[in-house]
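First subunit A sits with subunit B, and in the next complex the same chain sits with subunit C.
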Partner chain A sequence: MSQSFIESTLQGFARAFSKALISEQAAIQPGLLQSLDPRVRVVGILALVIAVVLCHKLAVIGAVLVLGVVVAVASRLSVWSLATRVWFVVLGFTGLISLPALFITPGDRIVLVPELALSISAQGLRTAALLVLRVETAATLTTVLVLCTPWTHILKALRSFRLPTEIVTMLAMTHRYVFLLIETANQMFESRQSRMVGELTGPERRRMTARTAGVLLSKSVELSHEVYLAMLSRGFDGEVRLLTDFRFRVHDYFGLTGFILAACLAIWMGR
Partner chain B sequence: MHIPDGYLSPSTCVTLYAFAASGWYSALNRVRRLLATRMIPLISVFAAFSFVVMMFNIPLPGGTTGHALGVTVAAIVLGPSGSILAVSIALAIQALFFGDGGITTLGANCFNMAIVGSVVAYGVYCLIAGKSEVGARRRAFAAAIAGYVSINAAALLTAFEFGIQPTLFHDASGTPLYAPYPLHVAVPAMMIGHLTLAGLAEAVISAGLVSYLQSSDIGLLRGIQGFPGMPGVANSVEDPSPVRLWWIVGFLMLCTPLGILAAGTAWGEWSSADLGNPAARVQIEASSGNRAAPSSVPAGLQKLSAIWTAPFPGYAPRFVKSAGFGYILSAMFGVGLLLLAALIATRIANGLGKWESRS
Partner chain C sequence: MTGTVNAAFEINGITFDYEGIPAIRDLSLRIERGERVVLLGANGSGKSTLLRILDGLCFPTTGAVNFAGNPLTPEGLQRNGYGLAFRRQVALVFQNPDVQLFNPTVFDEIAYGPLQLRWSKENVLQHVDETLRVLGISHLKERAPYRLSGGEKKRVALASVLVLDPEVLLLDEPTATLDPKSQSQIVDLIQQWKGTTKTVVTATHQLEIVEDIADRVLVLEAGAVIGAGTPSQILSDADLLLRANLVHAHRHSHGSVVHSHPHRHGHSHHDHEHGPSGKS
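Entry: the complex of A and B
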């Protein structure tokens, strides 16, 4: 039992590394989204996500999902990776959550299961379908953006939208140190696991986890001191300066217009 | 508890973004004042730590495991302002990079977990820890309770946000357009998991971390350079003078007669007299979607309403003729009672602290 919780934590760390690696590889491939200015990608995908949240018609949300898949394929993302990374996960989670809505939402009965004294209402079916499809579509669009855009470009795009420089810098530094701390925690858990010869009791397991988290906290604070000193040594005076060297080209204008038009159309048709 | 896109209506998302933005703004200003240049690396690394702690599988009694948020530890070490920023940054990375939680719901997630979670955790921790020694076992207990309460407060808020969706946002056929479950389903469904597994996981990691820090790195519990640390702990920085707060309280008390401008009775706050009054019944039915009010005053309501008679019924003491002055007097009385309760609670907490330090 004691191994299982360490192993599941280690598996979580490995999944995070794997996701980051896949994102980095996909982001540097040549493709439709990758060829657009990062600001167009962020604004365009965000507009589509907002449109999906505003839409009340299944067919329109479905059409936006198809558009998202077409953009993903044109950006050289595999449909299977979207299915495993987004669709199955969302279906498992949101599908399970929305299942009882089929039976408990009051409305016109369309299916009756007398043996179980259950009935499915038209309203229940529609609300469950709306929820699952909307979450699938929004998650697909967000994943396509993340997979096709390096994190640094997303941050630069956010900076050009007047997000405070401190916030953008903190997002960038956090992203960088997340992986360093995951690596550190991974090493701590692995070294502990390699030295275990028996079963740990429940309290021992909890103490071990708390100690690992505590050591990680102490290391994090020490790391922040070191990072601060390194920043000072490079002349940091409290003022954050970021380079935003993006330039709009003709096809960026076309791309932005296309995204905004699609979003407006979806909102208008999905009312 | 990470709400994905699509569960909340656009207006709920916008409202919660506005709430979250006010929290971020005040936290950022406060942290800027306290830390200046040290803020960026410290909050960033702490955000990374919170992110990684969220990935830990915490072993729980009964052989199962759960995930913690780490918001309590952040609130204890950094104070609520630093914690709000660090946990918000961690949630933003989760949403933007790992797809855990939505983009349109990021404001809601940050409001529930980072802002409310941090403030509740800090408040409960301070209340229970009182002025006890920094190495006292009471602080580990306080961290456990703070973790448990804060995670459940955040979960309750999330459940409330889910629960109001079908009532407020449905189409003409009655189909809920967003989260489909009303409050009486959403609240128990959300709270069962958090009152048991998630709350316990946060309590275990919070108490465990405070115990670890007490034995190995006690300096962190006194606050990091610039951050205030806990009240009663050496190295703490006094909060600014409360004079400004008193001015605000006084102004709000003077504004209380504005309540007179609102016509009718608040929905659901009807007295047995209202239900027996034909004019009031018309208003009740109009504000309840033209559903008929009960034909007679419910027996239970009539019986229970006679148990206690308020000294200032309807914020209008009987000995005051002016409604406006009655409102102000009621506000002064209410504020006075709250101050008295706070004074008694502080005395009790101080007494417990002294008793513990002696023992």
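Entry: the complex of A and C
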């Protein structure tokens, strides 16, 4: 495996760590969403996501996306960070998934590719655009929520809605698991880099990648189990307890009303 | 409660295995309240497993463990009252600090245990600040634990347990991977608990700290106790230490005379005699 591949992987891990740190900083800085009770944030964003799913008009979903971006900016998040974290990635994945819809959805033909005997219908284009825009909007809204709310606050908010402790525990563990996975992978790649001389052939690279993935999985599963034991040892029982009490203030009622109104309006206009 | 309330732990004939590989074999022992016990053994001798059993994180395949006269069982710990009381009294510092640090900041990490054990908010704030100060890590308060150095992680892991001020402290290799200054700080801390009601069980293979932190030493090998006594008795028993893989036979020469003797690291002097054949 080429040196540059390992180096770029290590740089990727470093970026993941620094992004995680920036996320934590964003969650504690003053901003619109940060000023609201975490329960309002969770319910409000969830309501908007549901509205987006139920909405059938591109313009309305687009308006919710714009609303999400405005909330992000008012919460001191960078639009560029949203673009790199969400928009480009979602466009790549969902765009690929929605590609066949362009050609197989029957309807009024707007583009013809005679060499490939394919045509794009207006309905196909609309279906694909609807899917991409829905996913972009939902992903943007949830990313804004996660970036503006400490993870423990999200978990506590979910528990206050009577979400079973098993699910909250699972979410708490998943969060920690991701970090362990990155950390372990980082150490494995560093150790491999320190013992690497020369280039590997293609099949050797593939074998090594498969082996690394297997070992990484076993290691991180074991570590996660240890983390769970460490949590149990300090009294974890599935309940999330924090120093900060959630308390509804006047502006939280305004915030909640605003989110619910926006969601209802989107559903009504987009039906 | 059964009769022996002076015992923190009573362990009767326990065995434990990891998927068929034995880790603890027919082990019986008793740890008194306020006692400072060192579990001395090489890697894989069963020290960490024993500490986890004492902390109610895993349970023996056979045999029984009692804490303060009450059986330590999964069912017992599920009972809210008993489980909570046990966690308030017994705390474990893991060997690998990474597994113990899962909160976004050092402050949150240290506050995690007290909050889970339902302390009042004022109490939590006061004790967290105090613990940060005592361990000299106040400057790390807002840092993310996974971005700390190895020594800092270890101190935060220790702080996250010390803040609970438990009656029984279980320490798994607390000084391993620490620099000499941090190591001596932790040894000093354990020394402070001498003569108090705090029971401290430390698993280690570092012979140089044993005399400072133990009233009694249990030597473990392949999951069984192969020796017990005061620190001076154990440390002077070269054969026992050799059997437990805590020292190794060291061959070297003094001029033309070659000899061998049990050798341990951290000690520059050893007693030996040269036999007529040049070996002792």
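Criterion: the second predicted complex is superposed on the first by the 187 of 271 C-alpha atoms of A that agree within 3 Å, B and C clash if a C-alpha of one lies under 4 Å from a C-alpha of the other, contacts with A are read in each partner's own complex, and residues count from 1 in each chain.
The rule is short, and it goes like this: contacts are C-beta pairs under 8 Å (C-beta built on N, C-alpha and C of every residue); 3 or more make two chains touch, one makes a residue touch a chain.
Only a predicted model underlies this, so the values are computations on that prediction, with no experimental measurement involved.
Colleague: Quick one: name whichever of subunit B and subunit C touches more residues of subunit A.
Modeller: More residues of subunit A are touched by B.
Colleague: So, A:A101: does it touch subunit B (first), subunit C (second), both, or neither?
Modeller: In the superposition, A:A101 touches subunit B alone.
Colleague: May I ask you to decide whether A:V60 touches subunit B, subunit C, both, or neither, giving the answer as first, second, both or neither?
Modeller: A:V60: touches no partner chain.
Colleague: So, does A:M231 touch the first partner subunit B, the second partner subunit C, both, or neither?
Modeller: both
Colleague: Have a look at where A:A157 lands relative to subunit B and subunit C in the superposition and call it first, second, both or neither.
Modeller: neither
Colleague: A:A122 in the overlay: touching subunit B, subunit C, both, or neither? Say first, second, both or neither.
Modeller: first
Colleague: Which partner chains sit in contact with A:L223 here, subunit B, subunit C, both or neither? Use first/second/both/neither.
Modeller: So A:L223 meets both subunit B and subunit C here.
Colleague: Could you say whether A:V168 touches subunit B, subunit C, both of them, or neither, answering first, second, both or neither?
Modeller: So A:V168 meets neither subunit B nor subunit C here.
Colleague: Answer with first, second, both or neither: which of subunit B and subunit C does A:A47 touch in the superposed model?
Modeller: In the superposed model, A:A47 contacts neither subunit B nor subunit C.
Colleague: Subunit A residues touched by both subunit B and subunit C?
Modeller: Of subunit A, residues 20, 151, 180, 223, 227, 231-232, 236-237 contact subunit B in one complex and subunit C in the other.
Colleague: In the complex, go through subunit C and note every residue touching subunit A.
Modeller: 52, 55, 57, 83-84, 87-88, 91-92, 94, 96, 98-100, 102-105, 108, 111-113, 115-118, 121, 124-125, 144, 146-147, 160-161, 164
Colleague: Within the complex, which stretch of subunit A touches subunit B?
Modeller: Subunit A reaches subunit B through residues 1-2, 5-6, 8-9, 12-13, 16, 19-20, 23, 46, 49-50, 52-54, 56, 85-86, 90, 94, 98, 100-101, 104-108, 122-124, 126-128, 130-131, 134-135, 137-139, 142-143, 146, 151, 154, 164, 166-167, 169-171, 173-175, 177-178, 180-182, 185, 202, 205-207, 209-218, 220-221, 223-224, 227-228, 231-232, 236-238, 240.
Colleague: Applying the document's contact rule, which stretches of subunit A touch subunit C when the two form their complex?
Modeller: 17, 20-21, 24, 150-152, 176, 179-180, 183, 223, 226-227, 229-237, 239, 241-243, 245
Colleague: What part of subunit B is in contact with subunit A in the complex they form?
Modeller: Spelled out, the residues of subunit B in touch with subunit A are 4-7, 9-10, 13, 28, 32, 36-49, 51-53, 55-61, 63, 65, 70, 73, 77, 85, 89-90, 92-93, 96-99, 102-104, 166, 171, 173-181, 185, 204-205, 207-209, 211-213, 216-217, 220, 224.
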